[in-house]
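I have a structure here, written as structure tokens, and I will follow up with some questions on it.
Chain nomenclature is as follows: A, B, C, D and E, assigned in order of appearance, with residue numbering initiated at 1 for each chain independently.
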Amino acid sequence: MVRKSAKKKRTEEYKKHIGQVPGTLVYTGKKSDKDFHLECFDYTKENIEESILLNIEDVINYKDTDSVTWINVDGLKHTDKIEAIGKQYDLHPLVLEDIVNTTQRPKIDIYDDYLFVVLKMLYYDDKENIVIEQVCLVLGKNYVLTFQESEGDVFGHIRDRLRYANGRIRGLKSDYLMYALIDAVVDNYFSIIETLGNKIEDLETELFTGNAREDINVEVQQLKREILKVRRAIFPLREIISRIEKGEHRLIYKRTITYYRDVYDHLIQVSENIDIYREMIWSLMDMYMTTISNKMNEVMKVLTIMSSIFIPLTFLAGLYGMNFKYIPELEYRYGYFVLLGVMLLMFVGLLFYFKRKKWLR
Amino acid sequence: MVRKSAKKKRTEEYKKHIGQVPGTLVYTGKKSDKDFHLECFDYTKENIEESILLNIEDVINYKDTDSVTWINVDGLKHTDKIEAIGKQYDLHPLVLEDIVNTTQRPKIDIYDDYLFVVLKMLYYDDKENIVIEQVCLVLGKNYVLTFQESEGDVFGHIRDRLRYANGRIRGLKSDYLMYALIDAVVDNYFSIIETLGNKIEDLETELFTGNAREDINVEVQQLKREILKVRRAIFPLREIISRIEKGEHRLIYKRTITYYRDVYDHLIQVSENIDIYREMIWSLMDMYMTTISNKMNEVMKVLTIMSSIFIPLTFLAGLYGMNFKYIPELEYRYGYFVLLGVMLLMFVGLLFYFKRKKWLR
Amino acid sequence: MVRKSAKKKRTEEYKKHIGQVPGTLVYTGKKSDKDFHLECFDYTKENIEESILLNIEDVINYKDTDSVTWINVDGLKHTDKIEAIGKQYDLHPLVLEDIVNTTQRPKIDIYDDYLFVVLKMLYYDDKENIVIEQVCLVLGKNYVLTFQESEGDVFGHIRDRLRYANGRIRGLKSDYLMYALIDAVVDNYFSIIETLGNKIEDLETELFTGNAREDINVEVQQLKREILKVRRAIFPLREIISRIEKGEHRLIYKRTITYYRDVYDHLIQVSENIDIYREMIWSLMDMYMTTISNKMNEVMKVLTIMSSIFIPLTFLAGLYGMNFKYIPELEYRYGYFVLLGVMLLMFVGLLFYFKRKKWLR
Amino acid sequence: MVRKSAKKKRTEEYKKHIGQVPGTLVYTGKKSDKDFHLECFDYTKENIEESILLNIEDVINYKDTDSVTWINVDGLKHTDKIEAIGKQYDLHPLVLEDIVNTTQRPKIDIYDDYLFVVLKMLYYDDKENIVIEQVCLVLGKNYVLTFQESEGDVFGHIRDRLRYANGRIRGLKSDYLMYALIDAVVDNYFSIIETLGNKIEDLETELFTGNAREDINVEVQQLKREILKVRRAIFPLREIISRIEKGEHRLIYKRTITYYRDVYDHLIQVSENIDIYREMIWSLMDMYMTTISNKMNEVMKVLTIMSSIFIPLTFLAGLYGMNFKYIPELEYRYGYFVLLGVMLLMFVGLLFYFKRKKWLR
Amino acid sequence: MVRKSAKKKRTEEYKKHIGQVPGTLVYTGKKSDKDFHLECFDYTKENIEESILLNIEDVINYKDTDSVTWINVDGLKHTDKIEAIGKQYDLHPLVLEDIVNTTQRPKIDIYDDYLFVVLKMLYYDDKENIVIEQVCLVLGKNYVLTFQESEGDVFGHIRDRLRYANGRIRGLKSDYLMYALIDAVVDNYFSIIETLGNKIEDLETELFTGNAREDINVEVQQLKREILKVRRAIFPLREIISRIEKGEHRLIYKRTITYYRDVYDHLIQVSENIDIYREMIWSLMDMYMTTISNKMNEVMKVLTIMSSIFIPLTFLAGLYGMNFKYIPELEYRYGYFVLLGVMLLMFVGLLFYFKRKKWLR
């Protein structure tokens, strides 16, 4: 019941959106109880300043500096604040609309002064369900803006690398920062699909050993849906990275392109794995079907063996239970024992017959 | 019976069309009882004039003005009036033929002075069936003509935005008006496929819980056909918008292209969802097949258990119902009770056997 | 038997063709008893002359005139006459070979002075089978030659439009005449696939209502083959029209290209319908399989219910039919009636059990 | 057993090949007992000289003449002789390696002075199995070399046309000769796939009439494999001819290209037929599955009818075979006949029930 | 249990990798107990020097010589040593990261001074499982570096050809050496897929003869997975060779391109075979399904025949075992024998009936 109403509500939200003036900001996600949160890293090769911005107007200070700035926004519910940030960074109204509309497909929009990238961050929640959270990136000359639905992300390592000046990150420009962020998201995909792969292997083992639960098909179907979901979140990203890697925009320096190419290779690898898992899932359904058929076969064999052996014997017994006045066999002294012998012969003969047919092991 | 004759009639209409001189106007839709209706919006950034035109000749007044004009025509049955409008706006005879031929595939035809776009508006009727209505748009320098089969559409919000000068619409040209109209149609697709998705989820839940009705396969098939129908109506639109977005025609200003790109992204999203639903429908059929097989398995098990237990027992009973003169066991004082004991042992033994085979829970 | 020998014969004809000098004319069709027939329309905007040519040499007179000429040839068996016409119009030997080889795939060959188009005309014969007849068109500067296997075609309307100067046809060039001829063939495809669609819907209704005949799978298969056949005849035409429409040849005037584009759109529409029918046919087979399985399930249920109820009862009856000396129950006054009561209880209990399992309605 | 060892041997030969210096000649075919055979046609428009060359050194005489030369080599086992010929015609070592490696995929290699084409000749052997023989062609300025595994080919007609100056062949260059040879190979494909088509139709008829043998699935599978085999031999040829037809090499004159285009069209036709046969084969398996299910259904019905009718009757009979002291019905004068009547009623009632369910015809 | 923990560990390793600074070297393979091993061939047409390098610093000596050097590194676990080599040859950090990350997909990265190629070497281990080992190649002006997980490879023949100056290899540059190495890897693919093909044929024979084990479906599934695995390892290589063959890099001389084209042809051949095997595997599952169904059919027939014959006979016997006071038949002198006769007739009649239905052979 609860589920139904949840569905209805989502439809309502969709409908609310229809007919709106383009550029109107409507938050379509489910995390409407999350706080707004503004995190800022401003750094050069030498220095780094990390701060939590409480005043939205402060973001403008970081726009035209020479240092590189990463502003991370959590909490898309607060559309008015998103709009305020957007205005200060001269973002197109459609960009802002896309940021808060969390049902977006991953995409890249190229504007004169900035690149706008939508992608999906995947993680498992407490109940082992895959959660898909939208992350939007805006890459400007000296800044990267990121927008997330709620706190908690896969960027922890990057914050550390910034703070402690690990690797090249502090010495390079905003395009490298965006690479590092995307790379973190993509790296995380690997652990997601690894878990999917493990689930498939477990199901496979269960089916191969013949001890499969009867409702394993439900599980297979749910896994299939999960893979469809992950696929849809990941696949469009390939094209996006491919466009960045081709160096279509002056904000991406030649030096960084090698890194984007590396991300692209990773994505291809993830995609291939997903497609292989998909094919394996289909095979699992096939396996399940043959397993069912084999089980039915076994059931039928037991029935057939039992029936074929005892029905004729019962007939014989019935024959000599008849009350005819004159049945010569009944009069014989050892008639009963002779009949028992005949029955035993039939019994053994039929057993032998089924043995030869390999219905009995 | 009624259905058959309806089908025959449609075939007749097809045939009527065959061999006609190209450019002959033949209405092929089903809504032949609808009235003709001519609605006109003429606006600049400052003013707007809304009117119902009763005289077809009046449409010419809006052709070469500086203001932007939207003329909406309802009722394609009236081919003579369509032709009259077409003449005044110098439309190619094939364009007019396509407007009234409601079996068109979505398409775009590029002429020197105008763009001609055919697309499909989808909505649910009272019986929850999807209705597909053709909408034709002609985009000229300062005007947009729209042609619909009958009154009632998804453009209500746009009329309001025009009247109350919401958003940018009044300040921009006819190409933005066309964008707004197409966007309204595409936005509506989302609610259609949302409903399809809900139907699929309901069927899935039914199948997963094992309480599926026996004729659920009929429903699955009908859903499959609905998706095929929707797919055919929506998919060709992608290519159309893609061509507009590439800026192939001087009537589309650079400024508006961002908006068309946004529509394009939405269409891709809709298309992907449709394809996922399609795959899920196929999985549903698979699920249904395994469900049937599982049920059959259960039926067979009951039969096998019952038969395998009682047929041997019946044989034993028959054995001692025989009338042989000399059957020693019958003479024993407690022969009957010994046999009952043996039978009980067999009964328990077989139960245990089936339990171990997991045929009994 | 007859069918086999027909098949053998066709193979023979194939083989006859193998190893021939390229350019040798071998008629490969089945209509070898048809007469030769030469029909000629010569027209300008003002005049039209319609004639039956008896003398093949006369065709040369129409080659270099300013008027537009349509020469229609029926009866490909007469390869010598085809060759004579070919010589007078300077056709390449391979073109002539293709005209009489009716197993051609639809194609277009572009020569310097003319276009050669092979396409397939579809119609139903008396027994409701689809017949595929090859039509070849040669488009020259002022003439169109058409070659058909036998009399009877879909060009009746075009003859009338020529005679009575309907529409634009008399005022335009040979490229428009070819368009009109191809358009007539394509228009006819619509009624063919409409009939196919009706057949599919009928089968679907039969399967949905559960009253399907047992041999409905044979019908489904035959429909599948028909669709394959039609598909093969129609699909290659798309590419042909696409090449013409791109204006690759100077014989096609810019003015006419809009019309060819229109034919192209129609072809896409036909193709899409065919592919949807194809998918629906596959679904029909699925439906049929589930129908069979459901029926089997029902049969099994009846068997299981009957057996599970009566086999234990029969055992009980057998038990008290035994001839042991001492069976206390037999001595009781109302033993029989108590047993009857027990049996009734078991009967009702099992009925109730199967009712709860929903095996009984 | 024999088969296994044959397989092993092939693997051995593969392995022998691995790690060889590129350009080493290793014959990988099965026809190692065939003789070496060198056949030569040297011709101009006026003269033709046909000879069997016994001395390999003689081939060099034909290399730089103005006349066109066709040298046909049978017997690839003799790798030393192949190498000798190759040296005299300056063939690349990889070309020679490919000639004797009969597991090649059809391909074209373009060298500066010659074209190297590998294709597959198909024919049926005595046991109606398809045999695939590799034919290699080298087209030089004035010569064509052909290499076959063994004597016997489809070029008989071409030899005759050369000898008796049929058609254009003697008047044209080596590129036309190569066309004629390829055309002969392709023409032969038609009869191969015709036979395949006949086999499919026979199986289909068998399945449609319901008299299919039980092992028909084995035959269907073998046909499927044959089609895969033929497909692999034929499909790559399309690309080869397509490259020749695009006139990529100066050895192919413009005049001949029309002829190559014709071969290309034939290949497309063959390929389409193969793909249709493939789809039909899959349908056959579907048909077979439904046939099995239908048969099982019939078996189950017989069982169910027999059991459902006689099990309750047997119960009744058992009831009155009990030995209770007091069973009132047994005492009635006509008890037996009343019971017989009841049984008859039940019998007829059940028959009627199954009739209405359409399980009985 | 062991297997599970192994899986877990792999996931751990993945995770360790996530969030690392790009360019960090993490070995992801399973062969962490292997020794480090540095093998060096330095040669010109005249001389060759073969050595085992113990000191990593020595590798720099071979970098800028005129002779061609092949340095082969075994043991990727030793990431520090890999890094040292990488520094001396100026390899990009991402290249080094890829070398030790053995889950890479085959790929080519083109840098200014060198080409970096990742490919997969396949071989069977002792338990007949396919092992996939990653091989990385770096092609520089005068050197080729190869990196393998462990000792043992398919390059034995190449070492011999270098030592004994077999073929062209000593006379040509490093690009030919890389070709020779790749060719050796690809050649080995043939024997791998040959083995796969043999396995498929064996399974097919088993299924065709009807003697298939019941768990053959498990084997079919495992084969399917193996093919997926091989496919993923081999397919991307095609694109890599294709890019090399197009001569995109100045390190590849025109003379060598013919050889790379040859490798490409081999790869296409391998790929086609894999795809055919894949299709055959799917057919095997189909075959298996029909085999199961056929077996079930047979079981059902036996059950039906036995039941249908003896159940009615048992009923008759039961009828005359009733204890009615007055059953006239029981009194007849030969009643028993008459009944036996009737039973025999029924028995024969039913046998005949099943014979005609072809359920009995």
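Keep this in mind: a contact is a pair of C-beta atoms (placed from the backbone, for glycine too) under 8 Å apart; a residue touches a chain by one contact, two chains touch by 3 or more.
Treat the numbers as computed from the prediction; the structure is a model and nothing was measured.
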Among all the other chains, which ones are in touch with both subunit A and subunit D?
E
Distance between subunit B and subunit D based on Cα centroids, please, to the nearest Å.
43
Expressed in whole Å, how far the mean CA point of subunit C lies from that of subunit D is 26
Two or more partner chains touched - positions in subunit D
289, 293, 296, 300, 303, 307, 311, 314, 318, 321-323, 327
Between the chains shown, work out who touches whom and classify the graph as line, ring, star, complete or other.
ring
Going round from subunit C via subunit D, the chains run C, D, E, A, B
Complex contacts: residues of subunit B adjacent to subunit C
7, 10-11, 14-15, 17-23, 92, 94, 103-105, 107, 109, 214-215, 217-218, 221, 224-225, 228, 232, 285, 288-289, 292-293, 295-296, 299-300, 302-303, 306-307, 310-311, 313-314, 317-318, 320-323, 327, 329-336, 339
Name, in rising order, each residue of subunit D that touches subunit C in their complex.
154, 156-158, 161, 166-169, 180, 183-184, 187-188, 190-191, 194-195, 198, 201, 204, 208, 210, 258-259, 261-262, 265, 268-269, 272, 276, 279-280, 283, 286-287, 289-290, 293-294, 296-297, 300-301, 303-304, 307-308, 311-312, 314-315, 318-319, 321-327, 359
